[in-house]
Amino acid sequence: MKNTQNTPQHVHFDYSRKERLGLPEAIFCEGKDRSIILSLLQEFNKNTGKSILFTRLSPEIFYSFPSEVQEGVSYHTLSRTAFAFALPAHASKKKVAVVSAGSADAQTAWESSRTLEYLGIDHTMFEDCGVAGLWRIQKALPEIEEHDIVIAVAGLDAALISVLGGLTKKPLLAVPSSVGYGMAKHGETALSSMLVSCSSGISVFNIDNGFGAACAAARILNMFLS
Amino acid sequence: MKNTQNTPQHVHFDYSRKERLGLPEAIFCEGKDRSIILSLLQEFNKNTGKSILFTRLSPEIFYSFPSEVQEGVSYHTLSRTAFAFALPAHASKKKVAVVSAGSADAQTAWESSRTLEYLGIDHTMFEDCGVAGLWRIQKALPEIEEHDIVIAVAGLDAALISVLGGLTKKPLLAVPSSVGYGMAKHGETALSSMLVSCSSGISVFNIDNGFGAACAAARILNMFLS
Amino acid sequence: MKNTQNTPQHVHFDYSRKERLGLPEAIFCEGKDRSIILSLLQEFNKNTGKSILFTRLSPEIFYSFPSEVQEGVSYHTLSRTAFAFALPAHASKKKVAVVSAGSADAQTAWESSRTLEYLGIDHTMFEDCGVAGLWRIQKALPEIEEHDIVIAVAGLDAALISVLGGLTKKPLLAVPSSVGYGMAKHGETALSSMLVSCSSGISVFNIDNGFGAACAAARILNMFLS
Amino acid sequence: MKNTQNTPQHVHFDYSRKERLGLPEAIFCEGKDRSIILSLLQEFNKNTGKSILFTRLSPEIFYSFPSEVQEGVSYHTLSRTAFAFALPAHASKKKVAVVSAGSADAQTAWESSRTLEYLGIDHTMFEDCGVAGLWRIQKALPEIEEHDIVIAVAGLDAALISVLGGLTKKPLLAVPSSVGYGMAKHGETALSSMLVSCSSGISVFNIDNGFGAACAAARILNMFLS
Amino acid sequence: MKNTQNTPQHVHFDYSRKERLGLPEAIFCEGKDRSIILSLLQEFNKNTGKSILFTRLSPEIFYSFPSEVQEGVSYHTLSRTAFAFALPAHASKKKVAVVSAGSADAQTAWESSRTLEYLGIDHTMFEDCGVAGLWRIQKALPEIEEHDIVIAVAGLDAALISVLGGLTKKPLLAVPSSVGYGMAKHGETALSSMLVSCSSGISVFNIDNGFGAACAAARILNMFLS
Amino acid sequence: MKNTQNTPQHVHFDYSRKERLGLPEAIFCEGKDRSIILSLLQEFNKNTGKSILFTRLSPEIFYSFPSEVQEGVSYHTLSRTAFAFALPAHASKKKVAVVSAGSADAQTAWESSRTLEYLGIDHTMFEDCGVAGLWRIQKALPEIEEHDIVIAVAGLDAALISVLGGLTKKPLLAVPSSVGYGMAKHGETALSSMLVSCSSGISVFNIDNGFGAACAAARILNMFLS
Amino acid sequence: MKNTQNTPQHVHFDYSRKERLGLPEAIFCEGKDRSIILSLLQEFNKNTGKSILFTRLSPEIFYSFPSEVQEGVSYHTLSRTAFAFALPAHASKKKVAVVSAGSADAQTAWESSRTLEYLGIDHTMFEDCGVAGLWRIQKALPEIEEHDIVIAVAGLDAALISVLGGLTKKPLLAVPSSVGYGMAKHGETALSSMLVSCSSGISVFNIDNGFGAACAAARILNMFLS
Amino acid sequence: MKNTQNTPQHVHFDYSRKERLGLPEAIFCEGKDRSIILSLLQEFNKNTGKSILFTRLSPEIFYSFPSEVQEGVSYHTLSRTAFAFALPAHASKKKVAVVSAGSADAQTAWESSRTLEYLGIDHTMFEDCGVAGLWRIQKALPEIEEHDIVIAVAGLDAALISVLGGLTKKPLLAVPSSVGYGMAKHGETALSSMLVSCSSGISVFNIDNGFGAACAAARILNMFLS
């Protein structure tokens, strides 16, 4: 047996993924050991000039770190994301609208936002557009339509998705969120609703996966790079 | 053992339920023996002057019966319902709007319609109001609002319910339908979506249970009887 | 990107919903930040003369607030609800019976009660009417029948609903509660039981959604407003 | 390889199980080959003086057999059971009540009845006792109470079980039936309801397993044999 | 509204249930308020001469009570049960064997044991009889067979039940326990396994419901009371 | 009631959707009446110069129609699609690769292909690229990379998606197919696998929804229209 | 688009898989077109000297083929398998025991048997060893122990697996079968039971996947090839 | 009743299982009382010369024990396993490769590793071989192929399993891990993916059951003992 009990658990980073795939290298922090996250934050910060994206990094853990570590990165509490610095502005010059149904969807919507920010992709947030009050999405629509791609986050019955899908011909990337109780089933109802939406051509992602939708937007914008 | 192998299977009718509950006595025919349904149709028809509601009575079975049996009742193919004659016009003088999202919801919507017809309750059908094309429900809304109760039938993600729930203050009775494939899960996604709708105060019924929603409307209209 | 990391998360209230829909504006507090709830309680209290309904507001959070904030609202521990003051008595003069099966259903039943109280709707509680002891519901029935609408809360197998549905012709609004263990499945068994009840015309709501049933009662009572 | 492609598929009967366990040897015919069932019916019939119980034997298959085979056994269409002759009257002299909620539960209730008949156990059928009409079970109760064990078959929400469990102190063996549609989930809702019934000490069996409940009754009656 | 916010939540005891049903009145403590349990323990103890059964009463709560309250009842940590004193020895003079598969099933098995003890029913524990080591059940079998009823508790795949069901003709009451991880699904696999056991006539109860199986044993033993 | 029993069921077409959304108007034929499909085929064919897309149109139904109806459209048996004529070549001049894992995924992959063909979008099929034989996808990769968007269809464990997602930076639209048995769960395992793929930014669609993925490709290509 | 509507659907065989993996190339016929299967049977038969394994080939389809096609392969009705000729005797000289619980498991057990036969692996069938009659497995055990690997097929609660796993130290490959009704859940209960068996080190396969277990045995026997 | 309330809960060890089965006796510590684990650690340690395997022993509990107890065993934090000393080197001289997809799978992979270590079986760890970066498994493959058995641990979509299954003819023992969120469903998606892998002959184990896969490897290696 090569590895022994005392060998630290190595994580092999994929430094070249960004280049190959036009997608971010990211660390999913939930469930990871505090000490591993700390050593990663020390490796990827403003001082070292290296930057990767940290997702699902809880405030409890982040704010327990030494101040110099905290200062080395940009941390965003609501989305639980961190990175040392964003990549240069995306060459495509395209814009993404991030639309959310209710205030409870903010955590996931801001995870999309922060991933786009890290990738240097221009974007705008449109919050509280749920269709129980139909005028909200109708009022926001003209400005949304000035963007090139729409990421929409919704929980519960995700009715926003079908309505929005019928109003825009843009690529629509839909992320279910795990809000609600009872038959909301931790986001499974929203997920299934999005998958069977009567509006056509809607791309769906895992529950609460705001990161994934931003990556899909990046894949689309890769088409505009020469 | 009292009953023997050859004893016919008796069904005890609840002739007084209408009176006690203001609700119809109904026979759910799916899974019942053809011979039992035939004998019931012979008992409850125009000639005998007795009328109950038959639901889930398939055309294959109904049209296999002798013509005099067929002539004794009003049969409606799409909703698979039959009755000898409707009850007198409901004393409440209230009206029910039956709204459906797509053409695939018609079977369930018409089961509601026919149950209301049997109960003598005035009502109007509004079909194809799904919100993938938002103008459809918006166009129908003024006329829907002239009614007192709204029954809405939708499948897939049932997005119509949240939109409609935000547009009307009427009692809204929502019936999921079992249309679609894959994650539509035979109507379970629509059911869950309705139960977690961000619009408040929406009453939900079993999948495809157009009959039940009409009965709930009857319970409400019972309040207007002296 | 318009919004920045430091922008407070705005919540846009729907001040006019009550007027449009005859339904309460409510804040679902579970999962919301303590600081957001505090600022809302400071905005909607006796001093400001504005009142909305707070649901799922835990005692731990409420009693951690400054005493002047606590004094500004009526808080009810069991139902976890708060509001500054109730709306004027409902013009319909109708009464709602809130019936529950067991003591474990109290939290949900009282959420209905408090929502009705906030809406100014007259109502009476009938607790511990579960049908394992059949005489309890039979004894309460005459007084229940003096009301216009029945909200019934039950968990486990929800057998109370079918029994009650067979005894009354009133509108019956059934709320499953998440009591029990094992195959109670956090209320899913009670929910499914209500949806397939052999009593007809029963309206069903999400698990533990006492608020929703009270809103549905309000929708019905809207019919009596001129 | 010992067995070859042409070797008939042998079924080893447990001739001594009745003696050892006081339980019937039974053949579950669903899914079995027509030719295998035929050979078994030829082996266990009036002429050979050997009798075992056949369950789930469809009329289509049974009535396709030669008339002498049909004449050799007692076949019961509704319960889909067959046996050559019943065992002698059970020495316990105890009686079983078989109670069912609705006419759709008859198939399962009669499977219990026929299994008891085969075992020589005295019993009575009480059909259509569903609690949507509460007087039905109340009317039947005095006569049910003259029996020693109660088997109760119910589908949908199985509300009959909790009511009956609160009315009798007899052993109560509850069998869910797969009637209904949508959230009845082929009997799973009835099964879960029975398992979480607020009445205590209720024994539950697999969906549609009328045979199993009768066997459990036999296990209890075994206690009265010396 | 009759009840007010300050009204204590009354629990109506069913003092006569024992007499009517031969079953215990029991308080399920899980999820109940500490103060309610305390007041109940003060009402039902050795000093007051009244005794009911408390189940799912956690050691954390019990041992937080004043010592005079603790001294007033017999508390059993593993089974989390309490009662002031047991009922007189059951007149039937029958004995129950409580068999469990592994040490992780002890909590549920002892809940059965303590319920039987409260009811005055003679019984014996047979622990660690899981069939992965087949000799364990085979060794215990002769002594088990000296009892009249068998309660068997098993988790995981519950293979003990089919083996035991094939070895004894006694009434077999099977309780699934929520041990294990992954596909043990908190006891659902054990429950389903018991329901489809190839041994016939096995009575099944809710997951971890040791109390229920003891009550079912009491229902059977009621048959021996004159 | 406006509509009557004899009124034909009207379907309102959305003739302007193509223009508004850059997406096809399509008729989902499964579950629709043969006579309705026939009348639609008569309205949308080469003679009338109108063309929409028919999906899930079974060969049994299509080939039962009069030959002049059959001749009026291009029907594709494997994908069960029909249309009168394709739209003009898409102005974007982009190309889509449709990749499938096994021969059982062909039906869904070809539904994507035919939808793209109807929309005038250039595309290439790459079948049998499942990763159990890794060289297949590796061999096809260079040619796949010459396309702009990748649609990938896979069933079972859908392992192809994670592998492909790691090899290309193109937009990757993943469609689960309902092949397999047992724990393949009619495509739910493939769907869940795609949603949790460790490759980032993968868009997922409903089970067997080849049409939807093609529409999502169209939404992306809409970005290239001026 | 390279492929056209009229292009036959090619299936690329992996002629070298046997060599590379020591595993059979197999065709899963369920759901495949009759014409495709026919052409494959014509390609792989005694005349062409090429042999692969066909699984899930229904008798209805097989016996509809021309007699010369039928004669070219060895077809086994119960297991629904076909092949032209078996591979030479496996060089390992090891033996496999195929054990099944009940007669309903025969189809899956024989699929294992026939796959082993095709692979030239010596094996013996042990049928009807279910543990409801414990002596059956105990009687067969000595002969089973003369084999090197044990494949065990069981449905329902799969109790045989835990018992057998405790009796032998051989590799134990467990295949759940989809027999039974209700909570047998088409084999999911058996599958879960096997996965959580209290006997250690049991390998589990998909429901009804007798082929897979035989392949796993082949993987083990590959270890004995030089 | 033989046992009394105060009787300590005895656990009967199966000292001879190793001999009979070639499998380890193991204690699953999760959910067990701290005091029971302590007494077991005192019984099985270096001083007493007795060694068994402890699994799922949390660091919180282990490091709360007296230092002499800690010193008496080898504890491994990541895998949460402990044992006094390993068994002698396995006589088979075979080697096992333990392959894992991502760093989140380490806990389960190391449970396999430590079980093999305890059993004296030579093995090597290959971590971070997930197929989103295909070169990782391709780079490791030659060294993996120098081993005799492959244990592979993967979560999420478990795509590694199908790829690896197509690359090696060794016995492949696949363990799903409960990493991920949303539709990862605590490992159920990975489990189902493994069971339906298009690579043949893959043995599957319960979620996170690294111990079980090591035991299955031991069963295979038992074949090489004389």
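Descriptive notes on the structure:
As written, the chain order gives the labels A, B, C, D, E, F, G and H, with residue 1 at the start of each chain.
Here is the rule we go by: a contact is a pair of C-beta atoms (placed from the backbone, for glycine too) under 8 Å apart; a residue touches a chain by one contact, two chains touch by 3 or more.
Keep in mind the model is a prediction, meaning the values are calculated, not measured.
Among the other chains, C has the CA centre that is most remote from the centre of chain G. Listed candidates were E-G, C-D or E-H; the one reproducing the B-F interface, defined as more than half of contact pairs identical by residue number, is E-H. Taking each chain's centre as the average of its CA atoms, chain A and chain F sit 28 Å apart. If you average the Cα atoms of chain C and of chain E, the two centres end up 35 Å apart. Centre to centre, using the average C-alpha position, chain C and chain H are separated by 49 Å. Contact of a single residue of chain F with at least two other chains is seen at positions 133, 166, 182-184, 191, 195-196, 206, 209. Under the contact rule defined at the top, the touching pairs of chains are A-B, A-C, A-F, A-H, B-C, B-D, B-F, C-D, C-E, D-E, D-G, E-G, E-H, F-G, F-H, G-H. On the chain C side of its complex with chain B, the touching residues are 20-24, 26, 94, 148-149, 166, 168-173, 191, 195-196, 200-206, 209, 211-220, 222-223. The part of chain A that touches chain C in the complex is made up of residues 74, 76, 78, 103-104, 106, 113, 116-117, 122-125, 127-128, 133, 136, 179, 181-184. By the touch rule above, chain B contacts chain D in their complex via residues 1-3, 5, 9-12, 14, 17, 28, 30-32, 178, 186-188, 191, 206-209. Considering their complex, residues 101-102, 130-134, 156-159, 161-163, 165-167, 180, 182-185, 188-189, 191-199 of chain H touch chain F.
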